[in-house]
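Before anything else, here's the structure in question.
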Amino acid sequence: MMSSQLPALQVVLPLLGAPFCFLLWRYPRWSWALATLLSWSAFGVAIMLLIQVQNAGTIEYAFGGWQAPWGIEYVVDQLNVLVLLIVSGIAAVVFPYSWTSVQREIDPEQQSLFFTSMLLCLAGLLGITIAGDAFNLFVLLEISSLSTYTMISMGRDRRALTASFQYLIMGTIGATFIIIGVGILYMLTGTLNMQDLATRIPDLGTSRASQVAFGFLITGIGLKLAMFPLHLWLPNAYAYAPSAASAFIAATATKVAVYVMVRYVFSIFGVGFSFETMHIQWLFVPVSVFAILFTSIVALFQRDIKRMLAYSSVAQIGYMLLGIGLVNVTGLSAALLHLFNHALMKGALFLAMGAVCYRIGNTFIDSMHGLGKQMPWTMAAFVVGGLSIVGVPLTTGFVSKWVLIQGAIENGWWPVVAVILVASLIAMLYIWRVVEAAYMKPRPEGAESITEAPASLLIPLWLLAAANIYFGANAQFSMELAQSAAKTLFNSAVVGF
Amino acid sequence: MLLCEQQTPRGLNQLPRKKTEMELAVNITLLLMLCATVFAVVKLQSLFAIVMLFGIYSLLSAMIFVALDAVDVAFTEAAVGAGISTVLMLATLVTTGRWKKKPERSGLLPLFVVTITGAALVWGTLDMPEYGNPANPAHHHVADRYIAESPTEIGIPNMVTSVLASYRGFDTLGEVIVVFTALVGVLSLLQVRRPRTFARKQDNRPDTHRRRPYPVLQVVALIMMPFIIVFALYVQFHGDFGPGGGFQAGVIFAVAFILYTLTYGLDDSLALTPLPALKILAAGGVIIYGGTGVVSMLLGGNFLDYNVLAANPVSGQHIGIIVIELGVGITVASVLITVFYAFVTRAERNRAGEKQVDLPNKAD
Amino acid sequence: MFATAAAALLVIMCLALVRAFRGPKIYDRILAVNMFGTKTVLLIAVYGFMTGRPEFLDLGIFYALINFVGVIAALKFIERLDEYDEQEER
Amino acid sequence: MTPESLLITALVLPLVGGALTLCLSKFQNARDGATIFTALVLLFVIIQLIGTTLSGGTVEWQLFEMLPGLSIEFRIEPLGMMFAGIAALLWPINSLYSVGYMRGNNEDNQTRFYLFFAIAIFGVMGVAFAGNLLTLFIFYEVLTLSTFPLVTHKGNDTALAGGRIYLSILLTTSIGLLLPAIIWTWTVAGTTDFSAGGILYGKISGVPLTILTLLFIFGIGKAAVMPVHRWLPAAMVAPTPVSALLHAVAVVKAGVFSVVKIVVYIIGIDTLSAAPWSSLLWILPGLTIVVASVVAIKQDNLKKRLAYSTIGQLSYVVLGALLIAPLSIKGAALHIVAHAFGKITLFFAAGSIYTSCKKTDVSQLDGIGWRMPFTMTAFTIGAISMIGLPPAAGFISKWYLLMGAFQVEQLVAVMVIITSTLLNTAYFMPVVYAAWFRKESGETILTYGEAPWPVVVALMLTAIITILLFLFPGIPFTLISAIPL
Amino acid sequence: MDSIFTDILAGALGRYNYWVVIVLMMAGFYVVIASTNLVKKIVGLNIFQTSVFIMYISIGKISGGTAPIVWANAELYSNPLPHVLILTAIVVGVATTALGLSLIMRIKHAYGSVEEDEILALSQAEDEDE
Amino acid sequence: MQIAVDLVSWLFLSMGMFLGLTGAYGILKFPDFYTRVHAASISDTLCTACFVIGLALQSGFNLVTAKLFMILILLWLTGPAASHALVRAANTAGLKPVTEKKD
């Protein structure tokens, strides 16, 4: 009986855990323990769902017992089980980490609020991923967004407030664009269910209204996923948020938005509409190429490493959009694979920065001189994550770049190949700056000596770093998931998912 | 005119039906007023005026919702837009000052973006189904079933409530969670505190500026309190039959306490509704709602499947809807009250003349 | 009959709206808003009769309530504004 | 031991050695001993493996599969075996030399030095035994990254600046050119395994093939074909054992080895010779040879001169590969061996001079032969080998190269080889002449003699091997003739 | 020509509602992106969203229909589904507004201003100080 | 009978309309705040009553009427209170009535 309820449990567990977490406002530690427990159980549920999907194919779950399209349904298929896994997996690592980090960065009175927000954010992201209903997706999107704004605003710097506000404005504009798009689609088809939409949209042909809906949805989702040049909210938001929040959001939020983009472009509107009628690739490819180059260069000049990583995130999102824009199975697999891999690497990098922040109170590059000796494990993990961003072999980044370049070569798009490689080199430069500061520069005279971060930070950090190496060395698992999802998406032009 | 309308005998349900042209005229007038209001908002510099006009805007759109047959939405829009949002914005103005410092930045780029977006939308409307046509695809497929089946399947006359609470019950759970999330956010940003704890000492402004109690208002408010609360309960439980439901009832309930706070001050109000209780209620409402879902799961149905709550599916639906609406009401009321308190606390602090700049990295 | 009443109410609302736009003082605006609100309540009532479904008067009650609270809130919060100035608003 | 476990041992041993040095960092003698011991064990293992290869056995070992059809795997074939053999033979000698050099110069961070040295050898073994392009690429990068701390060993700004150039050129070329070439190959051929006759046969032709070949040649920046040679002089800031490692054993050899291996096993000579302008490809290394030799003549700093000499010598190997004649490819393979021993001797000698009297420039070397007779004898032997005169190993390889050039009737190439030999003479002979026949300038009253004994022993050993290779070239020959051409 | 003209006229009659709503939406959107005052931004956001709600409700309207609450002499009900969606969306909107406003109050507290350009200047100064 | 009821309700409604329009005209045209409050608040109260009675006559005696009267009571309660508070606030804040005629 329980196994049939898994899709609901996936979201309901953290969602209903949040009020309990909130009720423990006097006892932040218990609040944290509860949140951690729930994040683990969400991860467990995701794994079980993965097994179910592998064995039995797509799972559908009707809320309230009302069959789709009348009720709201959850759908778990090859594509989103991958995202579920990565979101809950990152959560399962970041939540345990957050306790120690939060002690340093957030007032005790607010800690349980922070954990509640994180839990809500997790629930929202999982819900977006699993939702089979266009409007339900919006509601869950808002849950995750609101809790994200909250988490960001809890940063120690006052600029966290403005960052959060900026994100709130842009995020809400994005969400409103999404509901405009969904509204027009509903107007044209009379349904909100994604599978149903997918079967009905082809009947509309190339109606102007559906084209406008498409435009609004792409722009709205683009805002959420920080598609260049709609990314302006992202660097500040990631840079000033509390460390645990940065790590969690950076590793998951934009990935989920990319998933939503893939869902809309491929399975709801279908390959034919998106790429042959709307030619969306001619938006994605130039935009992402520009994003990759421009933001990578901007990242080079950042003093705050968290900010640098944030810019790098925009570039990495560019890779994913580029993969989508290649319009072939390899490209899409690369995008999905990178979605998985980037979560791992950015998670590790931000966790490392959290550990640095825990010890030295900031993440400026010049405060990190000599840290390689003082915090060897933290910096080693950072290097692993950094190598992954660069795309050095045996790290996850290499695998996704490999497949992405392969996709570009299949199209014969050599300039794109060049762009990817040039961007890797720029990435090498900005990672190298940190490595040089940490390992080559001496600790300034008179600076107090720093010890290694506590184990409660190091263990989660190294879990992710190790995952980077493991999935870089053995990408069979992630690649198979990504590839089969990509294949299904390309073949699903007519029959929905 | 008078005579030709009066052909049928009259009871509550036999009033003369339909004056579509007149509906249209009302609709168009309201829309034009909306446009005027919006342009005034764009033009004006006084934030206070802007907020007041936003209240009008919201009331007008609520009126339009009534004209478009969306009574539940009208209810909610008035409660939220003209009510809560406006009050919160006003409270914000106390802290921020009510003047925009400068005119807008050169509006060319925004104007361009807006024009493009608007033009795209207008272009898109050319292929959209005609407004109000019963044959539009939007009205068939899914909606048909709600209209045809919900009175028997769910057993309550208000189809909006049926869809809201049962067919799309999970959306509504999400909605409650959103409200709850907002509470978490607001509490993390602002604190609720009794103003007594602030220094009230240096209130040496001229006498005319000093706050004095308004006995008239206090009396009126006191008379209205029980009335409002009864009305809230009515809306809560009448939601199955007419416009209303948990959310609207929650707002009305909150409005009662907002009124009380406005007339009697935060101190008295906090004594009436202590903060911990509000917090527990806010979380409790969510738990009641979610708990219903969990119970239905334990009874063998899917999440939020009320059919299994009783032997008879229809009564199961009834029980389920009443319980979850209760959860919604509790959460919404307590969240809104708490949020309002948080805003007022900040406004009071401002009044108490505290320094404007605090440690940038400390949550106060 | 109801149509005429509705039309008259709409006209009144328009006039109130004009006052709300023009100000010039905060209090003028609040006054206009208050009037606008009461007329909306009446419009709802009339509209209900006009379309033949007057049972939605709950809405009217609620609007009246909200309107009152809105006005009180505006007054109360103005009072808390430290520097009320005589500046003409626009 | 089965050949397979021998292979694994050969790969893991350097890492074990590195770990040992790390563990023993407190005990200097034990640490240095451990390094040399590990090196000797590795040599022993490799000798056994050579035996297996000579008897025709093939050894394969797959570590894991990264993507479907794309795995990390190792396979022993003659060319790689030869490369591994050189490295294994030179590691103990180089270690011995390092011990003398590092102690003689009181360098800091010696443990780190030995550790990364061991990792670099691990990279070399990986490159040598790589079973496909991906594996080759990975270990190529391991080699790049692990030698960076060695290059910047001194840790001062000059060292860091040099290190930056070193790293940026090598990584840029490998990621920017080699990686796309590999992925392209994979996309076209569906595999990246090294196999006899090339895997691109019939899969790609025409101008794309030429472009692909160029990507490979310039992508392998370690082969230092101009204009991607800049890293090599820049890396001269490193301590001499490192330069020896870079120029003789590990880095540059890995580069040219990869070029030869790709030409033979990936592109395939038949495929390549059918490509447009393939008969002109050799001009790239040809030009490099001439230009580098001319530049070398002008260098006064001995190590710089040796560096430019290396650039020229490496291009012989690339030239051999790109002449696309079976004989020239054999010559190229042989030249890897010959140059390894010759050049390491020269560097050892340069380091020996630096250790004993801190002299770095050619113009300071007047009469030094009589003060350091062993060192300068070895230097002379190395120079002879480099020029390609008997009785040194260089002669044989150059002979084969010439034969190859004749075989494909590239008379211009023949001219280039001959001219460059003259140029080689022009930059080596002055040193030898000055060392033996010039009078030491009067002012120097400083007395100095030979360098510490490990240094001398090491350089004598390599000099002797250079001669021996000329006299008894059996093993390399057998290996070379086993290359499936 | 004639037929095109009547087409346009018919189209206009069938769509005037959408067009007015689009004007409203865009005016709200303009306020959000053009205003430098944070409070005004939030007001603009609310107007933008409210206009979108009107669009949704317009979609659900059926001429000659009545509110979707069972009524004995109703011939036609308007579509209840958009109403449900907008109920949810309104609540989401107020949640966002509350959060945005509390952020504004904190920003005022921290920066002493709610004007975007002043805050930007202060932030940049801070960036340079570091 | 119906006609009589209609006529009466029509009468009330017309009166309500007239009063409302007067009030609106007043707040638009009167010179200062205090006079405007005067116009608005006095006319409003009676206008509301007229409307409610007019409508109540149309609906007969049922729940709708009850609600109508509820509205009436509410508006009677809140309207004057709001006007009072408004004037008082304006006065406290120092808003001066216009006493001289401008020209």
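All chains are identified by letter, namely A, B, C, D, E and F, in their written order; residue positions are counted from 1 within each chain.
Simple rule for what comes next: a contact is a pair of C-beta atoms (placed from the backbone, for glycine too) under 8 Å apart; a residue touches a chain by one contact, two chains touch by 3 or more.
Just so it is clear, the structure is predicted and the values come from calculations on it, not from any experiment.
Asker: Chain by chain, through touching neighbours only, how many steps does the shortest route from chain B to chain C take?
Answerer: 1
Asker: Averaging each chain's C-alpha atoms to get its centre, pick out the one most distant from chain C.
Answerer: Farthest by centroid: D.
Asker: From the centre of chain E, which chain's CA centre is farthest?
Answerer: Taking each chain's C-alpha mean as its centre, the farthest from chain E is D.
Asker: Report the inter-centroid distance (CA atoms only) between chain B and chain F in whole Å.
Answerer: 27
Asker: Go ahead and note the Å separation of the Cα centroids belonging to chain B and chain D.
Answerer: Chain B and chain D have C-alpha centres separated by 76 Å.
Asker: Please tell me the distance, in whole Å, between the geometric centres of chain E and chain F computed from their C-alpha atoms.
Answerer: The mean C-alpha positions of chain E and chain F differ by 32 Å.
Asker: What parts of chain C, by residue number, touch at least two of the other chains?
Answerer: Within chain C, residues 1, 30, 49, 51, 53-56, 58, 61, 65, 67-68, 72, 78-79, 84 contact more than one other chain.
Asker: Please output the residue numbers of chain F that touch at least 2 other chains, ranges allowed.
Answerer: Where chain F meets two or more other chains at a single residue, that happens at 6, 10, 58-59, 63-64, 74, 78, 81, 85, 92-94.
Asker: On the basis of the stated criterion, which chains touch which? Give every pair.
Answerer: Applying the touch criterion to every chain pair yields A-B, A-D, A-E, B-C, B-E, B-F, C-E, C-F.
Asker: Hey, which residues of chain B end up touching chain C in the complex?
Answerer: 1-2, 5, 12, 15-19, 22-23, 25-26, 29-30, 33, 36-37, 40, 44-46, 48-49, 52-53, 55-56, 59-60, 62-63, 66-67, 71, 74-75, 78-79, 82-83, 86-87, 90-91, 93-94, 97-98, 205, 209, 211, 217, 224, 228, 231, 234-235, 238, 242-244, 248, 252, 255, 258-259, 262-263, 347-348, 350-351
Asker: Under the definition above, what is the set of chain B residues touching chain E in their complex?
Answerer: These residues of chain B touch chain E: 13-14, 17-18, 20, 27-28, 31-32, 34-35, 38-39, 41-42, 47, 50-51, 54, 57-58, 61, 64-65, 68-73, 76-77, 80-81, 84-85, 88-89, 91-93, 95-97, 100-102, 104-105, 107, 110-111, 113-115, 117-118, 121-122, 125-126, 128, 130-134, 136, 138-139, 142-143, 146-147, 151, 157-160, 162-164, 168, 171-172, 174-175, 178-179, 181-182, 185-186, 189-190, 241-243, 247, 332, 339, 342-343, 346, 356-358, 360, 364.
Asker: Can you list the residues on chain D that touch chain A in the complex?
Answerer: Counting only chain D, the residues touching chain A are 64-68, 70, 72, 134, 137-138, 141, 145, 152, 155, 160, 167, 171-172, 175-176, 179-180, 183-184, 186-187.
Asker: Per the contact definition, I'd like the list of chain A residues that touch chain E in the complex.
Answerer: 135, 138-139, 142, 146, 149-150, 153, 158-159, 161-162, 164-165, 168-169, 172-173, 175-176, 179-180, 183, 186-187, 192, 303, 364
Asker: Please give the residue numbers of chain C that touch chain B in the complex, ascending.
Answerer: It is residues 1-3, 6-7, 10, 13-14, 17, 20-21, 23, 26, 29-30, 33, 36-37, 40, 43-44, 47, 49-56, 58-59, 61-63, 65-70, 72-74, 76-82, 84, 89-90 of chain C that touch chain B.
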